[in-house]
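Labels run A, B, C and D following the written order; every chain starts at residue 1.
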Amino acid sequence: MQKMNNSAAGEIVVSMARAIIDNRAYLSEIDGKIGDGDHGINMAKGFGLVADRIRGKELSLAKALETLGTVLMTEIGGSMGPLYGVMFTEFAQQIDQVDQIDSKTFSRMLHAGLTGIQEIGSAKVGDKTLLDTLVPAVEAFDKATSEGKSFDEALELLVAAAESGRDSTVNLIARIGRASRLGERSLGVLDAGATSCALILKELSEGTRDRLQ
Amino acid sequence: MQKMNNSAAGEIVVSMARAIIDNRAYLSEIDGKIGDGDHGINMAKGFGLVADRIRGKELSLAKALETLGTVLMTEIGGSMGPLYGVMFTEFAQQIDQVDQIDSKTFSRMLHAGLTGIQEIGSAKVGDKTLLDTLVPAVEAFDKATSEGKSFDEALELLVAAAESGRDSTVNLIARIGRASRLGERSLGVLDAGATSCALILKELSEGTRDRLQ
Amino acid sequence: MKKFMNTAETMVAESVEGFVRAHEAFVVFGAERKCIRRRHLTLGKVALISGGGAGHEPMHIGFIGQGMLDAACVGHIFTSPTPSQIIAAIEEADTGAGCLLVVKNYDGDLMNFEMAIEMAGDRHSLDMVVVSDDIETSRTGEGRGRRGVAGTLIVEKLIGAAAERGMSLAELKQLGEGLNRRYRSMGVALNGVTVPQTERKTFALGPGEMEMGVGIHGEPGHVRQPFAAADAIIGHLCETIADDIAAAPGMRALLFVNGLGGTPPAELYLAYNSARRFIEERGIPIERSLVGTYVTSLDMQGLSVTLALLTDEEIALWDAPVATAALRWP
Amino acid sequence: MKKFMNTAETMVAESVEGFVRAHEAFVVFGAERKCIRRRHLTLGKVALISGGGAGHEPMHIGFIGQGMLDAACVGHIFTSPTPSQIIAAIEEADTGAGCLLVVKNYDGDLMNFEMAIEMAGDRHSLDMVVVSDDIETSRTGEGRGRRGVAGTLIVEKLIGAAAERGMSLAELKQLGEGLNRRYRSMGVALNGVTVPQTERKTFALGPGEMEMGVGIHGEPGHVRQPFAAADAIIGHLCETIADDIAAAPGMRALLFVNGLGGTPPAELYLAYNSARRFIEERGIPIERSLVGTYVTSLDMQGLSVTLALLTDEEIALWDAPVATAALRWP
């Protein structure tokens, strides 16, 4: 069975940060169409701080995710601080004592993060938020593994589902967050959080696939 | 010797008002280049009020000028209320008891108005104000009569001097009023008050010439 | 974008520092500048704490002082403060009777304040009042409901006065939430705002356009409309508000016309005049008034109208003394 | 031009009506609405009267009340009030001890106030204080000298407090004029303003330009410069002011950062922070501060910095209670 070594996989968080920082302007631009245009700034600030702290330290994935969760939660504020803060903290907790991460652990990790976000944000699929990326991604992963697909294949399907989930937000009316006051005027644009979530899941999945043994 | 009948010459004030109202936008535009752009508005308001009150009433010039002076002084405010208010009030006082206005009375009238303005406004020729129109106009009139020119000719010369006085303000630096904070930047544009003063003097002079007997 | 600023990164910190220095008599920075608090706290009084993103000044820091807030936290522009800032404020301001946190209804604020409560709740008695007076968001008919906008000032003033009188945490929360159906705000913008860090306008309006139903985060409103005369704009705001508010016999009206940052006092007074006429024509006499720039959206040219229907007791709390940088009466 | 207004003709009247209705506790209209005066006059106190064109709100009407003005007259936009308005104010406000008229140094105002004094001087003891704190106009080196701008607030506050203490007309005049060499203001604009009746901008600035040395009538300033960081702008204002002011030992500094109408509070506080640093670096510690939108030029995006060096006595007058719509402390 395919597994990833937890120790030294902390670099995955550095790639995540790079993807977010590279897309900083794009994320703000999307947010600016129906929100206040700061999503890229907020995200890049948080992920940038973390990358500087963990780069080259050869941390375990658990430790790197814990650092990420804590920084987002305590130093970023806004909507993303608590939401992604909780998600990454929950991720970290699930793999804290695990040396080798298999698909089952990975799934437990995803679910814990998802539950954390739902508890504090109380959004639902279809509200035009990052959940429209995260929920179908988790479902696709679970479905693949339950169908007996390999960890590697399941991760590939996760990314595809995340991206189509992200794209689905174009046709949604925002029901939560700043954009919700726009009503129908929020149609026709991507949700910023859904877009950053797809980036995050892609880096996490590809980093994991690269490290599968 | 040429003279004008004071009674029923009040219509001159109505033509003055018409000239001001016709040039309302132009006067504001000039004022707007170096001042606050309200000269046409202020002037048109005051002269319009007066025209409505005296039109068709066959007032004497003295009575019409007195009405004009009082309205400007009490109902207009700003810079022009007191300045033109005093000028017309002084004009009226000089011809109040005069049936037939000759060039000597006319000159006395001009001087009284000029002195009134100088007393309350304390501007000098060259400060880029209406005095740059009024002072040379009065001087030209006096010079003409002292040289033995007719009342009619003297009025014609008065208008020419007023207009070239007005034009002289283009090359002056404002030393008084709102424009004075501009310093050299006030060069190159006409002074609004000098322009309205030329209009007033022209209507006064031409109205008088038309009525000379 | 022309603003009086040095760098987008330092803008909030410099502005808040200026505020604290200008009002040294009322306020001091908390440790590490995580919060701003009253210079003199009252032992045994329930502490009132609020906070939110920057860009809404003088709210909330301008409301710190006798008769209103005890401490406030400022986030980045339009970004909620962090739980650790909020916890710092709780630790500075709690003098034994616990803290009531006044939170504008908005996901970012709610989550950060809730998280702070969770993290500090074992050491302090804490509770939360959620302000939700904005009219337009309710139009979607679901979700988290109305935002908290200019009405926040009214909540903070009333519970601030009540706290000063020794009311308990539970009573104060009830007082704050009791207003819920009895106050409404609605905003209009004549232009969008530029968030300094992005240097982009949140929305751009043509010379003949306005946004009806805007909030205070620079987002577009409910609908874009042709620009109109003040009476038409204000009439629409007043009607929408008055239709949505729960009028009850014996209630006494407070009318609050608030500038969003770029609107001069003369226009606010003109709008107030118009609003007062419209509201009184509906049979609601105005007994208290507030006109000014208190709850802003950066430099937005626009305003909001808030109507609150108060009990005699609440009117007395409104009238009670207040000594803060932005609101002050004896 | 997007403003909250109905018609250009009625704009001032509607706005002033809104002001009076919003502040019924402090002010009432005089007969025929020619002036606005305190609701309760004090018998035997010298009455302080001011006035000027509209467009500078809340000055002067916002300064009517206990500890400051007794009455004020409002002209059309940027147009001095008429002598008959001023006389009406004198007649309403004089309770026996005469009136001191506070006039901003500017031809239009001077002439109308002087004319009023001439016309009513036989029935009232009247005198005039001319305020001239603006720095830039003095640059021409002659003429009528400096204009009266934001420093007017300081003069009105100090002599207002002194009048309340029973000072005579002559003493009050001396107090007001004594400030002359000890206070200076300078303004900067990031955009021009549109006068409602002409619907034209008084000047237009590109996105990278600003006007240094503007006054409060929407006219261009002394020089147009490239737009710069706040510290560069404020540093220049502070240096010019401090160079021109007559510093003397024992003087105590008041720093006043004033918004010109379209500048949000957060930027004013940032500018104050910068100004305070510059002034203090020159060895002048700031002892009193005022930050806000008090003396405007319609909706101009801009600000002015005023520095005043006060005696102990003047500081006490500044600190004395004031209860007006715009300035209030106990």
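Everything below uses one rule, namely that contacts are C-beta pairs under 8 Å (C-beta built on N, C-alpha and C of every residue); 3 or more make two chains touch, one makes a residue touch a chain.
Molecules present, by chain and UniProt name: A, B, C, D = Dihydroxyacetone kinase-like protein.
These numbers come from a predicted model, not from an experiment.
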Determine the set of chains touching subunit C that also touch subunit D.
none
Whole-Å gap separating subunit B and subunit C, where each centre is the average of the chain's CA atoms:
56
Just how far, in Å, is the C-alpha centre of subunit C from the one of subunit A?
33
State which pairs of chains touch, listing all of them.
A-C, B-D, C-D
Complex contact set, residues of subunit D against subunit C:
1-7, 11-12, 14-19, 21-23, 54-55, 57-58, 62, 190-191, 207, 210, 227, 229-231, 233-234, 261-274, 276, 289-291, 293, 296, 298-299, 301, 303, 323, 328-330
Touching subunit B in the complex, subunit D uses residues 53, 75-85, 106-108, 111-112, 114-115, 134, 136-137, 139-140, 142-144, 147, 195, 197-198, 200, 202, 213, 215, 217-223
Can you tell me which positions in subunit A touch subunit C when the two form their complex?
28-29, 32, 34-38, 41-42, 73-79, 81-83, 120-122, 127, 173, 175-183, 185
